[in-house]
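A, B, C and D are the chain letters, set down in written order, and residue numbers restart from 1 in every chain.
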Amino acid sequence: MTISVAVSGASGYAGGEVLRLLASHPNVTIGAITAHSNAGERLGALAPNLHALANRVLVDTTVENLSGHDVVFLALPHGASAAIAAQLSPDTLVIDAGADHRLEDSTAWEKFYGSEHAGTWPYGLPEMPGHRERLKGAKRIAVPGCYPTSSLLALMPGFAAGALMPDDVVIVAASGTSGAGKAAKVNLIGSEVMGSMSPYGVGGLHRHTPEIEQGLSNASGLDVQVSFTPTLAPMSRGILTTATAKVSAEFAALENPEAVLREIWEKAYADEPFVHVLPAGQWPATKSVQGSNYAAIQIAYDSHVNRVVVCAAIDNLTKGTAGGAVQSMNIALGLPETTGLTFQGVAP
Amino acid sequence: MTISVAVSGASGYAGGEVLRLLASHPNVTIGAITAHSNAGERLGALAPNLHALANRVLVDTTVENLSGHDVVFLALPHGASAAIAAQLSPDTLVIDAGADHRLEDSTAWEKFYGSEHAGTWPYGLPEMPGHRERLKGAKRIAVPGCYPTSSLLALMPGFAAGALMPDDVVIVAASGTSGAGKAAKVNLIGSEVMGSMSPYGVGGLHRHTPEIEQGLSNASGLDVQVSFTPTLAPMSRGILTTATAKVSAEFAALENPEAVLREIWEKAYADEPFVHVLPAGQWPATKSVQGSNYAAIQIAYDSHVNRVVVCAAIDNLTKGTAGGAVQSMNIALGLPETTGLTFQGVAP
Amino acid sequence: MTISVAVSGASGYAGGEVLRLLASHPNVTIGAITAHSNAGERLGALAPNLHALANRVLVDTTVENLSGHDVVFLALPHGASAAIAAQLSPDTLVIDAGADHRLEDSTAWEKFYGSEHAGTWPYGLPEMPGHRERLKGAKRIAVPGCYPTSSLLALMPGFAAGALMPDDVVIVAASGTSGAGKAAKVNLIGSEVMGSMSPYGVGGLHRHTPEIEQGLSNASGLDVQVSFTPTLAPMSRGILTTATAKVSAEFAALENPEAVLREIWEKAYADEPFVHVLPAGQWPATKSVQGSNYAAIQIAYDSHVNRVVVCAAIDNLTKGTAGGAVQSMNIALGLPETTGLTFQGVAP
Amino acid sequence: MTISVAVSGASGYAGGEVLRLLASHPNVTIGAITAHSNAGERLGALAPNLHALANRVLVDTTVENLSGHDVVFLALPHGASAAIAAQLSPDTLVIDAGADHRLEDSTAWEKFYGSEHAGTWPYGLPEMPGHRERLKGAKRIAVPGCYPTSSLLALMPGFAAGALMPDDVVIVAASGTSGAGKAAKVNLIGSEVMGSMSPYGVGGLHRHTPEIEQGLSNASGLDVQVSFTPTLAPMSRGILTTATAKVSAEFAALENPEAVLREIWEKAYADEPFVHVLPAGQWPATKSVQGSNYAAIQIAYDSHVNRVVVCAAIDNLTKGTAGGAVQSMNIALGLPETTGLTFQGVAP
């Protein structure tokens, strides 16, 4: 099968990572590569790592340029993707790496994004219970946010098993700076971020908060509420998520809660190609998944506070964005799910 | 006043930082500089940043070499400092940067350190309510751990004011690698840590957990329990602590809990020379306190989960270790508390 | 074609990178994975980035374990590989990532390595004029050092064209810390290397000096002498080489030496799959080649000192070691040269 | 003595570093702090590391605001400082951290800066032979560029002693990103620079080239020509300069050129408070001088190419800019030269 693909937003990090992966995808022919203010430039001048595509010239992000492909990836600011998507053929597979179609609750959308809600698309997290089936044959897919991807992978098994309490979830995540985008801002320049950790969006303000709560609520059937604090770490890529929740009385009363909990997570991911619970005693490091579509997870039970603590490491641009998007594309098109994706991280 | 000072453990990061600060302290004459396996070497070969002391030769860490000074700093592995301290004159001010004399509870000591408890010394955190007075004239001072310093500074005001619940505290902290010591270990080499975040001591296993709980319990009069997760960040120095706790019903019922809570923190630190609650909207970054004795703090109230989230940034080696130690020395000796310490961080 | 491959030295960075690449090579089946002190351990505990091979157990680096494969990669300390290689079947393709068989001059070997010279193998730098042919069907290949790879790629075209003077070459290169190996040394720990640049092996002492001189002398037919200074940069991967040489009188007298020189480099690499002279005005950055087998090169002519200045960026572990090794393997076995290698760097 | 000081350009890195140092200078009272587009803002919002000055409000960079102080530091874009300086009282000590008044040759100024030359001021590098005297009582001082500071400190002793050839100097320097300023540019954001080395201004294009040549020519009485290549390293601060020159026939013919050369450098800096030739075998690292006014230097003689190779490490913002400026101020005002400056680097 040969698939023609267009990629919009190619001058940003998400679009660039989609191209990096598609350039090695055996079934893909890369058609239009689009951008907004950078239209007309060589891709090699904007993304010098994409050597095989260096001489491709970016065209404007228009419906006309994006039409006529089997698949269109949208890596655009929120708002922009919904406007474009509405005009693309319903027979085209449209994969939106932005936020426009992730949330189910219009009120939450309006509260956090301040605009009208564009509607909800199938959520591109195949590891969510029951979701893989919904992605087969789908023509519209909303790629999860990077923090929600790692947070949901960390906590879904426990919530799906009824082992965790919904009202006391705390997630603190450290992201590489690429999560803040390829933006010319003084607070993002290397001199400021190297050697420094800092928080942002503290107090439930980050837009990924309702998306995390939606996913955990769907997994548990409960109304899960999350205290979420994102921090910026001095590295380009990677998210390390530390997620903790109180264990339900039923599970806390077991003889060996840690062993039972570990088994829940291990079983949940036993057949997943890209999610792995590490052997006991080994903790995830973001570099070990760099550039790969892998998520590495470890779990502990802290009996003195009756909490499970789960740490998950992903590459925010790969599994957290472009890799998850390609994985979903593979499922939607009936290709082997792992096609064009790597299991090996670039480390050290 | 001229004070003669000996520093042990000078080849490690804590000892080196003590020397860096003392070299600029106007009242201090640096006497013996001691080490264990590095005795006989030039300091300049071990700590090339200490230019003014480069030609000083390290001597063995013995009671004889340390005796005869007004002040002795111990920066030794736990166990070692207690053994030395017991043989130093009771008239000498002994400041232990190690863990031996921090905990009040022998059972906690034995559980986390696996040896006999050496006893409890005055705790060198002047910002703890009532503690400054206890340090005046003291002859033995236990320097707090780096994580406890930032964690206690973050949460003490709320606990002292009765605004926080004791049973639901979650702290996730990111530390620079110097917190792991100057140790030749493969997992600490630059190739492994650069570009990577990873957790360790997850599940209540880190030895600083009981020390944090002790401090918060003392501040509140309650039995505070903490879920504490330390992580290693790709930077040499700095700790960013994210600490969150449920707000008590009384305070949650107020009309504007965030304003009231902010005022509690601001008042608590209004007269502190080295702790500052940042203006609303500005979040701490570890680099802004690099090399200084400053702690930068910001607070948010997340109404949807009824939690306060406090972020604190310190330099783990300065305010978190050597700076706190010098600050305590100044108080103990009756010097102005800020002598020899800097307010300005080395940034960018 | 299916090729069985054994990899020795798998617990080091070179061996780990060979495995990372081979895991995605469509013609390769990975047989024995060997180590010395780490034999018996899971690969996942030593190289957690190699997810697909995580449960493979390392065996001892013995002739017996390495025998019976079509290809054997040796990533061993110098001296060790020669001893093993001598006992492997002459029909096995042995690719030595170490130094033992690179130098042609026994005297130079003895001066820089202090042991008896093991002999010279075909040099695995296909971009060296005439070398690609010598690698076809070869059964023994010496992988070039990382600094020589970037240095030779930078200067060979000019020397081959007779445009450069042999007696005034200066090369200063900055390498990521993985070039120093996966060694538990205090000077390599993250706390020391992050935020710091430092030189080493200054004054012609680095063992790669004679290898660079050998390559440039072979390319030019002259006796090229090089002042080579390596430095350690605060990054895990990558080499940026800055190489400069005086331009010969004949070329300096041309009307537009820069244009002529640029054309020499561009023509030399026009058909090379993995070496690219960037468009004028764009300078190479190591991150743009991270994890890829690509070399990015740019050239300038400084008329006021009559020097060409060439900058080359490679990934020291990929094109500089394991990627170059796999590229040579492909040529030796008659596979398409680019099989299993990537053109795209992992950036940002 | 109490000195009132005004600092312009306080929102940039050079101005911020001047303030960081002056805040600890015992003789200084900080008066006006000025900026251009950031006038009206709290300093704490722009430079959160300057805790003691956090509540100071920036005023416009005008002659009126800068007048009435004993000393004025100008940290402004080139062109701007000359315009302001011309209107300040001749009795005020004006210290220009910018380039406007460094060059002696108007032709070189016009070639590299493209505007009319504003004239030459005393050059604020006290370590230059004979210069310290010229700075005493001076009312106008041009602070050297950061690359020239390290390059001149590296090579001046050899040129002053007649030991080096003028026509074959090669300098390659790696700078931290703060050298590129506090500018919102995509190529400077952390995601781009972390993990990457890249060159710029290659081929004699960098504006510091004529300044380096001027200094070495003045030191030697010869017409020194330099091939200078600057590179950007993934760190916030620091410059590591690798400078090499051919040794003159007279010195090369000596029995032990390396010992003689080393003695020349050691003697040249024997009485300098801030420049130190390291003991043989120890090489400078930029982190060991971080935040200090120290320059660490090491020298090697490479007999096989008859070259001296000198490596120098400074902090580009301290000794390379603001520290050198304060050092010159101290000399000009008759204060002890080291007042308010530190010898100890912030490391690790």
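Note that in this section a residue touches a chain if its C-beta (ideal position, glycine included) is under 8 Å from a C-beta of that chain, and two chains touch if they have at least 3 such contacts.
Not measured: the values here are computed from a predicted model.
Participant: From the centre of subunit B, which other chain's Cα mean sits the farthest off?
Facilitator: If we average the C-alpha coordinates per chain, C ends up farthest from subunit B.
Participant: With contacts defined as at the top, give the pair, A-B or A-D, that has more of them.
Facilitator: Pair with more contacting C-beta pairs, A-B versus A-D: A-B.
Participant: Calculate how many whole Å lie between the centre of subunit A and the centre of subunit B, each centre taken as the average of the chain's C-alpha atoms.
Facilitator: Comparing mean C-alpha positions, subunit B is 37 Å from subunit A.
Participant: Distance from the CA centroid of subunit A to that of subunit D, rounded to the nearest Å?
Facilitator: Taking the average C-alpha coordinate of subunit A and of subunit D, the gap between them is 45 Å.
Participant: At which residue positions does subunit D touch at least two other chains?
Facilitator: Only 13, 176, 178, 182, 191-192, 194-195, 234-237, 284-285, 287-288, 290, 347-348 qualify.
Participant: Think of each chain as a node with edges to the chains it touches; is that a line, ring, star, complete or other?
Facilitator: Per interface graph, the chains form a complete graph.
Participant: What does subunit D use to touch subunit B in their complex?
Facilitator: Its residues touching subunit B are 13, 16, 20, 23-24, 42, 44-45, 47-52, 54, 178, 182, 194-195, 236-237, 276, 278-279, 282, 284-285, 287-292, 294, 296, 342-348.
Participant: Show which residues of subunit A lie in contact with subunit B when the two form their complex.
Facilitator: Per the stated touch rule, the residues are 167-168, 170, 172, 174, 176, 191-192, 194-200, 202-205, 225-227, 229, 231, 233-238, 240, 242, 244, 283-288, 290, 298, 300-305, 307, 309, 311, 313, 347-348.
Participant: Which of the residues in subunit C come into contact with subunit B in the complex?
Facilitator: 13, 176-178, 180, 182-186, 188-195, 234-236
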